[in-house]
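These are the structures in question, set out in turn.
Here chain A shows up in two complexes: once beside chain B, once beside chain C.
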Partner chain A sequence: MIVKQAKSVEDALELLSHYGNCKIIAGGTDIIIQMNEKKVQPKVLIDISKVEELKKIEEDGDFIKIGSAVTYTDIIESSIFEGNLSGFKKACRLVGSPQIRNRGTIGGNIVNASPAADSVPPLIALGATIILESKNNIREVKVEDYFSHSETFGIREYEILTAIRFRKPKGVLTFAKLGLRKALAISRISIAALVELDKDNKVSFVRIASGSIGRYPMREHELEEFLQGKVFDDAVIDEAVKVLQGVMDVRLANRSSLPYKRRAVEAVLKEALGEVRK
Partner chain B sequence: MINIKLNVNGKDYSLEIEEDKRLIDVLREDLRFTGVKEGCSEGECGACSVIMDGRIVNSCLVMAVQANGSSIVTVEGLVKDGELDPVQRAFIEKGATQCGYCTPGFIMAARAFLNRAKDPTREEIREAISGNLCRCTGYNKIVDAIEEAYRYEKGI
Partner chain C sequence: MKKRGRGIGLSFYGTGYGNGFPDVSNAWVRLLKDGKIGVYVGGAEVGQGAMTAFVQIAAEALGVPHDRVLLEIEDTLTTPDSGTAAATRQTYNTGNAIKIACENFKEKLKEVAKDILNLNSTAALEVKDGEVYLEIFPQKRVSLEKIADFLGGNILEAEGSFTAQTTKLDPETGQGAPYWPYTFSACGVELEVDTITGQVDILKAVLVQDVGRAVNPHLVEGQMDGGYAMALGYALFEDLNLKRGVMGNRKFSKYLIPTSMDVTELTKIIVEDPESTAPYGAKGIGEPVMIPVTPAILNAIYDATGVRITELPITPEKLAKAFSDFEKEG
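For the complex of A and B:
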């Protein structure tokens, strides 16, 4: 194996198109384990962890753009994700351990496509898109489509995920997760909600995404339809739990984890929706 | 083979290494900083923790090439002018070690944390060492030691 350190995105794309059987490495917290276990054996490893243009978090008018090699620690320490966006920080704080958060990147969390990727449900709730670049092309794909229609929208051999972009929301973004222990726990259930309330406390906009309640992180459309226009009180939140449990009964039918998850989801959804009101 | 430059414990090294080596391999095998321990090799145990450019990382999850141009501190780099680091002193005085295998990793995680900490709570200390596993002592004495190290440094 040879390792190439890319100096820029252009450089990385050139290397990627020049060599066959390449893998991109950024934080390395997943791929080094896979290489160590010989599950992945690339001929060429292209390191993008020191490409400055991929390590920036930028506000651009109504949009926020996060470079793909931005680490969880970068997000936790950024002043951009305060107030109504602090749910994104919460999701990043609950990833792994300090060591993992210092290296693991937001782009890696997406392209590795784990069903339990903690940063993904908040990005889906935000309606975020990802930018996939190759030497001759740029595509912008919705994060939710990347997971739900990966054959069409998934990353291709000669592409690099360079940035994640979303419009600054008016509503409040929240996140809740259930892991088996606090640190280094893979999410058993996670929920992110983006909720906007009008002056009568009615839900005027809602987008909800789950992690580990299916084969990939996904939008919870039935839950959104139920909440839309409702007065956002305890009774509605209780009803919302039942709606999500109904969805899970169908989606996770015949799964041994269903009885556990349908009970556990109550606390997770209540935490996520409850934080909208704080 | 590839050339990389590392600063380890304040000293500059220019090394020719095999490209598939991880940072831990270079630190242990090429430079003989054997205070860096390999445990799980998958970022769960933290025994290989070192400070890289001011941040705690698992050296088993960094390719050596990725550390090119970086500054690394291992447990061997903590003694200054023959004096133990306050974290090392506190680990000894609080008996926060038993078999000792996890200790360098814990000490480095504690050092990285205390470099930025302000009046840390026990909960924050536990969070700071959540990427490190100890299978002998339990964690209370380790948390005690980190609290004590903070007091040493603040002179309280």
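For the complex of A and C:
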């Protein structure tokens, strides 16, 4: 196996088109394990961890752009994700261990496409898009569609995910996760919510995404429709839990994990929605 | 819903092989050329601190600072059999063997010192601070270094052997003294249970350990921290997930152990009540430090929720199911 260190995105794309059977490596927290388990066996690894343009977090007017090789630690330590965006920071803080957060990247979390990826539900709730670059083309794809319609919007072997972009929200982004221990825990359930309330405490905008309650992280449209326009109080949140449990009963029918998850989701959804009011 | 509860667990544990099985530890002690003392035992250091405890016991018995004692362990070519580092027996059993060997060694030192000092007898000779001296006329003294010089190439060496006393249980009556000594422990925990998710959050924990005498209090505390963390894993996390003899959880991403975030700070209380048959009163605590923790956790869950758990580990999934069943039964 050959390892090539890319100096720039251009350089990385050139290498990618030059060699066959390539894989991109950034933090290596997923791909190294997959290589050890022989689940992937690339001939060439292209290392993008030293590409400066992929390691920046930038504010551009109403938008925030995160380079794909930005680590969880970079996000946790950035002052950009304070206040109404702190739910994103919380999601990144709950990833793995300090060692994994120091190495693992936001772009890697997306392309690894685990249903339990902690950073993905907040990005879906934010309506974020990802930028996929190839030698001759640039595509911008919604994170949500990347997972739900991967045959069309998934990454191609000649592409590199270079950045994640989203519009700064008016509402509050929150995140809650159920793991089986306090650190180094794979999410059994995760929920991210972006909620905007009007002066009458009614939900004027809502976008909710879940992790680990389906084959991939996804929007929870039924829950959003239920909450839209409702007064955001305890009774409505209790009802919202039942709506989501109803969705899970269909989506996870016959799964052995359903009885536990449909019970436990109450605590996770209540934590996520409860933090909107804080 | 989150509910709080408190629980205690108590245990007493017989250390050593027990039940009349011959439980023997041997030790050798030898005078080295530079007047330092070599201690040779086959007891293994497995992280429990045996090496430190052995040196401390030898230094105490010989009346020398610990840096005068050179310990050799584990090498079967150069050390006698001191039994396994198991059954919580090394400090008590091998500690006793070392103490006996050191006492025998001191008598041999006195014999040589008697000759060097032109005395008629070894009576009133004392071994202390690297010297042998006459208690009734302390000007008469000789250092261990001088004794080693005097001996030239001749080896001065003593042996010590300790066999623990236990009796087999009578198969008819069940009577006997299967273990000696016993070590006593107590644990108290205060925890919070999430009855929806089945997660258990330990808020406070205290572990009380009878040690006879703490040879090294820091090491005892280390053992207590370790035993507590291990018991926490046993109670709440560690699940092989055996199915038809096949381990389902074969890797640490599935076989969960507590992380440092899961292990609450533990209040540790050492109780010292010297055991008369032990070296300086010290009993073993390797296994006992773990035993009362899990019952304390289970009792606290019962106190918090009214649900009795009878299967370990109490993973969130199993606990949530137990609460769900409990709610249905009313």
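Just so we're on the same page, the second predicted complex is superposed on the first by the 278 of 278 C-alpha atoms of A that agree within 3 Å, B and C clash if a C-alpha of one lies under 4 Å from a C-alpha of the other, contacts with A are read in each partner's own complex, and residues count from 1 in each chain.
The rule is short, and it goes like this: a contact is a pair of C-beta atoms (placed from the backbone, for glycine too) under 8 Å apart; a residue touches a chain by one contact, two chains touch by 3 or more.
Not measured: the values here are computed from a predicted model.
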By the touch definition at the top of the document, which applies to A:G274: first (chain B), second (chain C), both, or neither? neither
What is the contact status of A:G127 with respect to chain B (first) and chain C (second): first, second, both, or neither? neither
Touched partner set for A:G214, first chain B, second chain C, both or neither: neither
Partner, of chain C and chain B, that touches more residues belonging to chain A: B
Answer with first, second, both or neither: which of chain B and chain C does A:I100 touch in the superposed model? first
Figure out whether A:I32 sits in contact with chain B (first) or chain C (second), or with both, or with neither. first
Between chain B and chain C, whom does A:G246 touch in the aligned arrangement: first, second, both, or neither? neither
Classify the contacts of A:L178 with the two partner chains as first (chain B alone), second (chain C alone), both, or neither. second
If I apply the document's touch criterion, which positions on chain A are contacted by chain B in one structure and by chain C in the other? 97, 182-184
Where on chain A is chain C touching in the complex? 97, 178, 180-186, 259-260, 263-264, 266-268
For chain A, which residues count as touching chain B in their complex? 1-3, 5, 25, 27-29, 32-33, 35-36, 45, 47, 49-50, 73, 96-100, 102-103, 182-184
In the complex formed with chain A, which residues of chain C make contact? 194, 196-199, 237, 253, 256, 258-262, 315-317, 320-321, 324
Per the contact definition, I'd like the list of chain B residues that touch chain A in the complex. 2, 19-20, 22, 41-44, 46, 49, 55-58, 60-63, 65-66, 68-69, 109, 112-113, 127-128, 130-132
